[in-house]
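Structure first, commentary second.
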Amino acid sequence: MLTREKYSYYVEPSALEVTDRPRKFLAAFAAVLEHSNYGAALDTYCRLSAKCARCAASCQLYEASLESRDIPCRRSDLLFRVYRRYFTQAGVVKARLFGGFTLTDEYLDEMAEEFYRCTACRRCKVTCPIGIDHGLITHLARWLLAEIDVIPKALLVSVREQLEGVGNTSAIPVPALKDTCEFLEEEFQDLYNVEIKFPFDVEGAEYVFFPAVSDYLLEADTLMGNAAVMHVTNGSWTIGTGNYDGINYGLFYSDRMMERIVNNVVAEVRRLRASKVLVGECGHATRSAWFIPTFAGLDAPPVVNCMEYAHQMLEAGKIPLKDTRIEERVTYHDPCNIARGGRITEEPREILRAICRDYVEMTPNRTRNYCCGGGGGTVSIDEIRSFRTGPMGKRKAEQIRATEAQVVVSPCANCKKQLREVCEDNELEDVEVVGLHDLLLKVIDFGTAESTATETHEEYQNREQPETGAVQSKIAE
Amino acid sequence: MVLGLLRHAVVTVSEIGKMVRRAGNKDIAYRQILLATVKWLFPVGQVRRRFFFSFTTLTFHVAVIVVPIFLAGHIALWKSGIGLSWPAISNGLADVLTITAVATAALLVVQRATARDSRALSRFSDYVLPVVIAVPFVSGFLVMHPVWNPFSYDATLFVHVMSGNVLLVLIPMTKLSHMALLPTTQLVSELAWHFPPDAGSKVGVDLGKEGQPI
Amino acid sequence: MNRRLLILKTALWALVGVLAVVTVARFVNGLGAVTNLSDAAPWGLWIGFDVMGGVALAAGGFVIAATVYIFGLERYRPFVRPAILTAFLGYVAVAIGLLYDLGVPWHIWYPVRYWQYHSALFEVAACVILYLTVLTLEFAPVVLEHPLFDKPLLQKVLSALRRVTIPLVIAGIVLSTLHQSSLGSLFLITPYRLHPLWYSPIMYVLFFISAVGLGLMMVTVESLLAAFFLDHKVHKRLLSGLGLAAAAVLGSYAVLRVGDLAVRGVLTSYLDSSWQSLLFVSELAISAIIPAGLLLIRRVRSSIGGLALCSALTVLGMVMYRLDVAIIAFARPEHLAYFPSWMEFAVTLGIVATFILIFIFFVENFRVYEDIGRPAAGPGPSHDPATLHALLPHRLALPRRFSLAAIAAAAVAVVFLPQQAITGVVPASTPVAASRTVDGVPVRRDGGGRKLQLLDRIDGVPEGMPFLMIDGNRNGYPVLFDHKAHEARLESDRSCGICHHIDKPFDRNTACFECHGDMYEPVSIFDHASHVAQLEGNAGCIQCHEQQAMEKTAETATACAECHADLVSPLSLVEAPADRWRDAVGYMEAMHGLCVHCHEASLAEDPENVPAALDRCDTCHDADRPIELQRMAPHATADRGEGAGQ
Amino acid sequence: MSDTVAILNDTTRCTGCERCVEACKEEYELGRDRPWREQGAVSDLSSTRHTTIIRRPNEHYVRQQCRHCLEPACVSACLVGAMQKTPEGPVVYDASKCMGCRYCLAVCPYGIPRYEWDRRVPYVTKCTMCIDRIRDGGIPACIEACPEEATVFGTRTELLAEAHRRIAENPGKYQPEVFGEREIGGTAVLYVSDRSLDFLAWKPDLGNQPLPERTWAALHKVPPLMLGVGGLMTGVYWVVGRRMRLASEATLEIKPSGTDRQRPTGESHDGQG
């Protein structure tokens, strides 16, 4: 039963039967203000927002759509109005005197629609003269909407699967996981004639590996790249069969879910008595992992992104490289979640400069980069693909076209899926979107004969991809 | 007014204190936040797409901040009041800056009305505020040059002082409070992301959703 | 937190805000700036209410402690802790109130160092200090029970305190008996000032018994208020028990009081209808007779309304008794009658509010009342979208709400601060009036001096001559100045400049009072308005204030002499001080400076043909004249006090 | 009473020339009189004027100053002993001990001590009979400055004799009694006057009983009261405690219903006699 007519994205049928939503929304809002730290930020933003629309100049969605509802300040004002009316003394007095605004269902629907057009890439925070973080407001608004069951079905189903179902967002049972890994090991054998094992449940390993679980289905090369790097640098790592999913859609729509998912990750690390968390190539997985100290308290396991690890090893010269380099023109896309705060921007660039002959930068980049268009979980909502690749992704497509690069490196599962869709829909078919470790895989010298055979780009292209239908069907119904 | 501002500051600081106490992840990059605050206070290199609007705001802010604080007359008042004094700018410069302040205030209103993006957003107070800010500057200018002042000296001085007071009263009520609160915005935005460890579960308990299927 | 408590706390925080402002004014500008106290009224509201009233109101502590611990009436146990808390906070409030009243507050502990045991005040101070420490020890267990303090060392202290409670209670009772009574004996030494209706040799007994009665009633008031604001369950049966005891005590107080008057034979004097006897009757009725009578009736005693009425009356009455003794019945001259300034009320109310807030804090966070542990989480605000209540949770809302109330009240308080509270005490200004010409006839005086006799126009004596009646402050003691005689002595019109040493433009004999505007204080003679008017308004500014940007003050303006060169008369007797242009000395000093100086000089030159008593005060200031003036100018009342002593 | 120094003021001789006031001001640099709100006229006693002339009708001038009583109420009232009666006689004020409670202002029968209400740190001010001059063998500044011999300095017995001599010599002229001889136990400053000087005190007849005796009458009962009440309380506690213990043992054996104690008699209100 398609529930498409209410919002531009699917919602659980039960969400439509929720009655008395404004009261529940206000109750949730009061509870969140009570227990969280959002109160002070929200109050400061309500007072200071100067409505100067400078953020409009930096929001790629507004530049493309030019609709006034897409101005970040206006979208956040939806929530500010509710806060001012119900949660400030002045608002209540004004309401008592002049009647004024009351929260209605239509208003909530408008909020639901607006807040899922924004990918919370926080590009507007950088240019806002007052420093208002509209990404934070979107994050908070989505949590409040989630409390009245307005959650995109794609995210809801994945999280339900992760917390109550099989244990990860793509519902990959452990045997399927092992089977994929064996397949990859065979791949190593015949491609590079090297014996690389995917270690499972190694007690006391230094790293527990948490990639985006969709890598096991979609990004075999990235996994192989990761395994290769770990093998070559003989880092002690393992994959926890209890929980091998770094994805955390809670970050996108509900702190409640995020808290539970992060606690699961920490529990797994504790179960394996490992010391560190190694996050695979995924922007939001890394960012969620950075919240581990928040939830796990003082003795939280430190978090290392696989790129940071690879860069560290490369600097230390522990990764033997072939003398051949990647020939094609390569450019790098900064995933918002790890680049906006400026935490991981230089490491991937140095690796790429080391292994590519023709590396070129997109402009703007690093902390002021454009969002791939599918951030904030919107990538898994396929029904709004036209919106994502259209208004949202247009700016990105132009950026890629400007660099004329053949290969776009993006160390984030969501970004890769989105960028591939953007390239398909914006006549950039010949551009290939890969992860950083895919390229690393090609240049690592395993020290065995076969490894010298450079596999040309085309052979790689038409190699048979593992079956991906399973995920699609799961999300659709 | 002074008491109001004092309270404003104390309440903000106490709330920030509470946030830090409740946050799960306590190591906050204070140095980095400080750096960001300083960068925001002096927005060099921010002038990009809507250059003209940015230029007006910058000059407006320079004029509006420098003149009241460094005017020789004001400093003399501070000196006779509490004995505090600091170097002042020349009166010529003060006149020039006052005129630029008034001009840019007018420009601000015009640009806000003409630009499509900001027109969609602006509330009534956004148009009125620059005018209210301009009034003390105009009356101040007239008080400084009684010869060109068509009105009586005392009336103009009264308007100058009272409009200044009105401005001070408006600070906590309108967006002018960014004067007082701007330094804390960066810190507050950063702290908001430092969640209390059990915030989610407590909200779940409050809303009676504990243990319910997702 | 129910709505009533919220409103109460907001109001209390507002009072604290006002207290803050007045505290700053009091300690920056001293006592004179903030209070109406004077030499004739050294003790005002702060001593009358805060110290004497406060000590009496805090008597509940030792009364209940005695009832429960000594007389073993266990069922009054629930009242012990609140009573001890009230007593403890009451005595701290007394100490804080004293800090405001003392001229040298940092010497407040000196009674510990310097002993002068002949003084009743020493006994009060010693017992209050000791009793405060006893109360602290008595109340400490309640605090130490809090989980915050369960460190082993503190627990040892707690158990030690619990063991020593009985001796503490006994010490508390003894000390209370001593200082409640010695508060009364403070006034034994002033029989001549305290009205006979209140003064009695056994005042200390009356003070002690009234304190006991008040203590019992105070416990009732406190539990009723706690019920109203803090949802504390009222033990009606126990309160009625207390009520009966109070009735007995108040009754005996009233009998003793009236009996004492009869014994001293003063009873007859209170029958007259003076306001003192009216005050005495109403005070005695409110404090003892009505409550005691009502409390004897069982129905009243066991109804909440009855208890509330009686306890309120007693509290009001006993506080009135303290205020009467300290202030109202304390004789002082009419022109120095004392009424507390609003700032004194603000400090008293502020201190009371602060300690009620602290009381509520203790009640909410420690186990003071059995049934009020943590405040019960009241029903949350309704989240219905049409609601008109702010939904912000208390954690965020309360600090803002209370600080707003405090700051707003403080701002209003600053507005009402009188000038001298801001800039320090300013001497009162006495404007000077013009002298008047009147007819009169010189009359020979027996002492050789020439006495001038005022004439009424109707007398119409031809040889009468006009002379000036100089009475600057219109107090009815004029000085008669024979202008003609002086003119003759100083060679007629050329000599005007001798006295008229500075004249206004185009005026050769500007009168003294036009410049010397105040009787005693120097006053500026520069009239800015007339200058602006003459120099064509705005355009004229720069003629005096050349540097436009600089602050326009007297110092930065051009000197007066540049325009007004000729106004200083060369003959002037008054030597020209440097900045003569700005301040003219007080009128009295100017007149004495000119006249007395000249009289003494001329007396010294040729004593023969100059009347001998020229330099004596009563030559000019004739003490008898007011009687005549009364006849001629009834409006000029002689308001001179009979003398400072009276 | 050892023979203290004293002052005799004869109001008939005083001409109101206020030279004594000027001399007092110079001696202690008291400065210009200012019209404060808390005092009557400018010329009343104040913190800048320790002695003044009260001007009464028909040239009757009375010099008002501290009477330096033999049994001073202010000395007995001051709880820190800032006011002391010096062996030589005058009552002096020690500012370093004063805590500003102003009890002395309230108790002085003649309302003499004045307070520096305008000062931020105020102290009591009053005439100290130029104690330093007396100690160096000199005489107070005011007496030195009086041109009319209206105020004379000497020992009290001497001046009493002189006063009675003057009254005897011109009977019609003076009031029969010397003011200050026996009033409230006698004062060191004596007055002979042609008219009654009752207006100097708060009430015309102060009586001859020294004021400190009235407080001491109550205060000397304090030690016995302390022991009495202490003993009473301990006794009652012991008695009541024993009875309750017996009652509780009784209830343990035969478990009757909880008997209700009779109504409390409240704190015993006999207090001290």
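Each chain carries a letter (A, B, C and D) given by its place in the written order, and its residues are counted from 1.
The criterion applied here is as follows: a contact is a pair of C-beta atoms (placed from the backbone, for glycine too) under 8 Å apart; a residue touches a chain by one contact, two chains touch by 3 or more.
Since the structure is predicted, the reported quantities are computational estimates derived from the model, not experimental observations.
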Name the chain whose C-alpha centroid is most distant from the C-alpha centroid of chain A.
-> D
Roughly how far is chain B from chain C, going centre to centre by Cα mean, in whole Å?
-> 44
Cα-centroid distance, chain A relative to chain C, in whole angstrom | 71
Express in whole angstrom the distance between the two chain centres, defined as the mean CA positions of chain B and chain D.
-> 63
Round to the nearest whole Å and give the separation of the Cα centres of chain C and chain D.
-> 23
Specify, in ascending order, the residues of chain A that touch 2 or more different other chains.
-> 24, 27, 34, 39, 43
Enumerate the residues of chain B that touch no fewer than two other chains.
-> 15, 18
Pairwise, which chains touch?
-> A-B, A-C, B-C, C-D
Can you name the residues of chain C that touch chain A in the complex?
-> 380-381, 383-393, 395-397, 400-401, 404
Chain B partner, complex, touching residues on chain A are 24, 27-28, 31-32, 34-41, 43-45, 47-54, 56-58, 62, 68, 71, 73-74, 77, 90, 125, 127, 129-133, 136, 147, 156, 159-160, 163-164, 254-260, 291, 293-295, 297
Chain B partner contacts - residues on chain C that touch it in the complex | 395-396, 399-400, 403-404, 406-407, 410-411, 414, 537-539, 541-542, 548-551, 553
Residues of chain B defined as touching chain C within the complex = 3-4, 6-7, 10-11, 14-15, 18, 71-73, 76-77, 80, 91, 94, 144-147, 149, 152-153
Residue numbers on chain C that touch chain D, as the complex places them = 28-32, 37-40, 42-43, 63, 66-67, 69-73, 75-76, 101-105, 107-108, 110-111, 113-123, 125, 166, 170, 173-174, 177-178, 181-182, 185-186, 188-193, 201, 204-205, 208-209, 212, 215-216, 241-242, 244-246, 248-249, 252, 330-331, 333, 335-336, 424-425, 427-430, 475, 519-521, 616-618, 623-624, 626-627, 640-646
